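Per-chain numbering from 1; labels A, B, C and D assigned in written order.
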Amino acid sequence: MNTHNSANTATLLIHCKDQKGIVVSVTEFIHKNNGNILYLDQHVDHQEAEFFMRVQWDLDGFAIPVEKIGDYFTTLIGDRYNMKFEIHLAKKVPRIAIFVSHLPHCIYDILSRVRSGEWKVEIPVIVSNHEKLRHVAEEFGIPFHVFSITETNKREQEEAIIKLLQEQEVDTVILARYMQIISDWFISQYPNQIINIHHSFLPAFPGARPYHSAYERGVKLIGATSHYVTPELDAGPIIAQGVTEVTHKDTVENMKRKGLDLEKIVLSKAIWSHIQHKTLVYNNKTIVFE
Amino acid sequence: MNTHNSANTATLLIHCKDQKGIVVSVTEFIHKNNGNILYLDQHVDHQEAEFFMRVQWDLDGFAIPVEKIGDYFTTLIGDRYNMKFEIHLAKKVPRIAIFVSHLPHCIYDILSRVRSGEWKVEIPVIVSNHEKLRHVAEEFGIPFHVFSITETNKREQEEAIIKLLQEQEVDTVILARYMQIISDWFISQYPNQIINIHHSFLPAFPGARPYHSAYERGVKLIGATSHYVTPELDAGPIIAQGVTEVTHKDTVENMKRKGLDLEKIVLSKAIWSHIQHKTLVYNNKTIVFE
Amino acid sequence: MNTHNSANTATLLIHCKDQKGIVVSVTEFIHKNNGNILYLDQHVDHQEAEFFMRVQWDLDGFAIPVEKIGDYFTTLIGDRYNMKFEIHLAKKVPRIAIFVSHLPHCIYDILSRVRSGEWKVEIPVIVSNHEKLRHVAEEFGIPFHVFSITETNKREQEEAIIKLLQEQEVDTVILARYMQIISDWFISQYPNQIINIHHSFLPAFPGARPYHSAYERGVKLIGATSHYVTPELDAGPIIAQGVTEVTHKDTVENMKRKGLDLEKIVLSKAIWSHIQHKTLVYNNKTIVFE
Amino acid sequence: MNTHNSANTATLLIHCKDQKGIVVSVTEFIHKNNGNILYLDQHVDHQEAEFFMRVQWDLDGFAIPVEKIGDYFTTLIGDRYNMKFEIHLAKKVPRIAIFVSHLPHCIYDILSRVRSGEWKVEIPVIVSNHEKLRHVAEEFGIPFHVFSITETNKREQEEAIIKLLQEQEVDTVILARYMQIISDWFISQYPNQIINIHHSFLPAFPGARPYHSAYERGVKLIGATSHYVTPELDAGPIIAQGVTEVTHKDTVENMKRKGLDLEKIVLSKAIWSHIQHKTLVYNNKTIVFE
């Protein structure tokens, strides 16, 4: 529905030390080459003196061919400011693999957004460690691959999964209540490209059975947290969080039920930011442009 | 997930003028017949002197056979206090028809809750005035019936729909962004059993194009409202409402996109209250027990 | 503004093991003695088989003199069900002591509610470990007592404070950002009568500098928690919690500023529940009737 | 608490038709004159092709003397793009007049923020049409002026008020539940500088007794709206809105009580945006930079 998203635009994500003149240089680069800036967001972390920027512009009539924008930008701007940057073209459709186990609410939410055209992404494959949700994949006509993980076959299975993802040219992995810890090696294959949903307001209640812990503690709010996956469990950079009220009347089962909505909405919010290239990871935190 | 819901329980919804001793009489009726009360909620509208109550109890070992509870209750309690009341058995699964037009987010949300077992309801039929969402019905294997409505055939088509609903023993109708005004006659066939979702925080922006109106007015919150359908458009008893923040950056298209989540969550919240028999309509308002 | 609160009513708070017939017995007790029930809330913890109830009724025309209600209730009902119960008369105005240190936002919020008549309570005394907020007490004409706490004088000073509170017939203590840990002995003098506000969504970030921790972790929501004080720091029964959104743009200072509103509103919400006798503590959790 | 706010900074608010190169020109202007940009926000209304920008920079070492920034900017940038712009210096402390009638919650909230140093503003005068809240002004040591308004003396009294405000060099007027409609003439003296709080989520329930209307309609959310005052009642550009949940249990009195918190927090949020020069009015809507 975002017309600029499906249109012929480029998005530049920049990160470097804060220095005078960066905004001028970047906007001049686009302006002089006949690009019209659609969105510009910048953030300065004054404490750490770090600079972050996201700029999106119309490519129609842009003087530099798309395949050379990176080179030119590096030479003219990037090297001068010692920048890390990414360029994303709106025409490139993200390819996402979804990992699931037993609970279908998140994957149903994701697939219905894709099928209805709310998101412009491809889901070439669904991965699971169980057969249980095969019917969901079948309802939506998407290949479903089961990789049972045991103590002895984990590396082997993960390699098979990575191979599958590479064949399918997957660039983002969504853990949609996938109940299996993935290895550091696996994570290193998709740095800042694996998004998890955890069913608590982290850092409260990491690990297993957070609704039980919330019930025991008698909290008045339960939460959900979507984050990039890093080797430390449930400790990666947070992309989105949400909470909902509970009372003394809510059993663990009620909390789980209320949490279903929270989890699916928070995960989808995080995915939406990610596929729009509005996120930048720094210092185990996520900058999420709006 | 709510174990009491699938269990062998009865729920009594009561409405009468406020009088001393009602709670005593009702709880005594259950208690003396060996029923264990699981939930009891009551509400007194002190201004109007009206009394409302919802009580749910375990039927295991209850002395009165289920088919006679209504009779006994009428004789022993209902007549004395001049009560209106309903008795619902948890074993009776609600049968719901969903009406749609072009937008699939609400029906996807509903069907995925049903399919995943989050709700214990039957969806025997989906009704539409367009072909567009037939694929959704097919994905979930549910009969899809198209009734094109024109100026001249409206009554005829509505009669055909009612006939279909009756054949399917439908007791609740959900208008899941069904873009067709239903007639007073149709509404009278399902009093307080037709639930609509309107994409604004009513009473602001009733009628067509509420997101455009919200954008024009420059509001900082957009909303969604689920209500029972009455003859006056978008003016029926409200069951649930929700809002989400918008800023000057949000175009009408962005508001529509943000509204999708709001609409589906608010509608599903209202349906959940309804199918648990937690709602009572009075004075064009809805009492929603928790 | 709540007319029933200032009126001639009694409130009964009950806790016992769940048993058949409690609601009948209690409501009958009130009904037979000519009391009109205004509000009735009950809660059953089915897992622990514990029963909780709050009932408020009009004392006008009630057959039992107020000073004997407790005796009669014990004899007729309480002993039979082995109940713990409290009776509160609306005519008895709560007497609250406020403890502060450096930050005035919570005490200003409390005092302005009292002064404007929003709450019917007396604030006979403000206690601090610093001179800094004496001006607030003076603006509102309330005695301000400073008790400097050192490592060696803590018990002595706490005894002096308790003596002051007893002289002033204080029944509730509010720690309105009081930056001094109070001893187990002090807590034991006011069991479940000391309310604290902590500036995080507990159990995340207990102890010192929670906004710094929230900033470091990169959370997208910050919170505040009001709880009854128990010997374990920031681990008492939670009464109310709230959160507000933060983004990568929020520095620690911004989080502190956003937190000011959250803290004062959450603390006042907890105090409001407490002074209306809507709270019951059980198993380190708080039942908060509505 | 916002260090940049109290520091030696300038803020430029810009509005013009959208054109290529504006961001480059403005940032270059600051950069070439040795200014370090602290915050930059821009917004393009693509539908109307309007451009809005807020940029804040450090004046330490800035080459242009503060009193000449406006001239230079006009000559070098403003005229070229046909801009409307405002320059605000952080050193200039806003001077605010508060107007009240009977309800003290908003003015208490404002004064406690000022007194505690949360906001850097001066409140030289409080205006009322009643004596009732004189005690609040006295508690905080602020002059309190009563101007009784009758049908015949309205213009005369408004002129006297304007004279007082001018003498006190007031630049912003806050209507903190001031229950008197101010004239078009009065509004014209402080265009986009008069902020009101209305106790509903506008555009629902404008005018008198919105909580009664909310109760009658049976809404499940009540709201508050802060907006700039324009001649049409409750129809000015919205700055901030908030809502809170209500249920069937809430009487009009309860809604009023819940609304107190909402009103004061929403009004203070709007004032905070205004005094930070983060608001721009266009097309009866308010752009609120973050």
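In the analysis below, contacts are C-beta pairs under 8 Å (C-beta built on N, C-alpha and C of every residue); 3 or more make two chains touch, one makes a residue touch a chain.
Computed from a predicted structure; not experimentally measured.
**Q** Taking shared residue numbers divided by all residue numbers at the interface, is the value for chain A and chain D over half (same) or under half (different)?
**A** same
**Q** Is the C-beta contact count larger for B-D or for B-C?
**A** Spelling it out, more C-beta pairs touch across B-D than across the other pair.
**Q** Roughly how far is chain B from chain D, going centre to centre by Cα mean, in whole Å?
**A** Between these chains, centre-to-centre, one finds 42 Å.
**Q** Between chain B and chain C, what distance separates the C-alpha centroids? Give it in angstrom.
**A** Comparing mean C-alpha positions, chain C is 37 Å from chain B.
**Q** Using the touch definition from the top, which residues of chain C touch two or more other chains?
**A** In chain C, 46, 247, 249, 290 touch at least two other chains.
**Q** Quick check: in the complex, which residue numbers of chain B touch chain A?
**A** Touching chain A: residues 1-3, 103-105, 108-109, 112-113, 115-116, 118, 139-140, 247, 249, 253-254, 256-257, 260-261, 265, 268, 290 of chain B.
**Q** Using the touch definition from the top, list the residues of chain C that touch chain B in their complex.
**A** So the residues of chain C touching chain B come out as 20-21, 23-24, 27-28, 31, 36-40, 42, 44, 46.
**Q** For chain C, which residues count as touching chain A in their complex?
**A** Spelled out, the residues of chain C in touch with chain A are 43, 45-47, 52, 201-205, 217-221, 223, 237-243, 247-249, 251, 283-288, 290.
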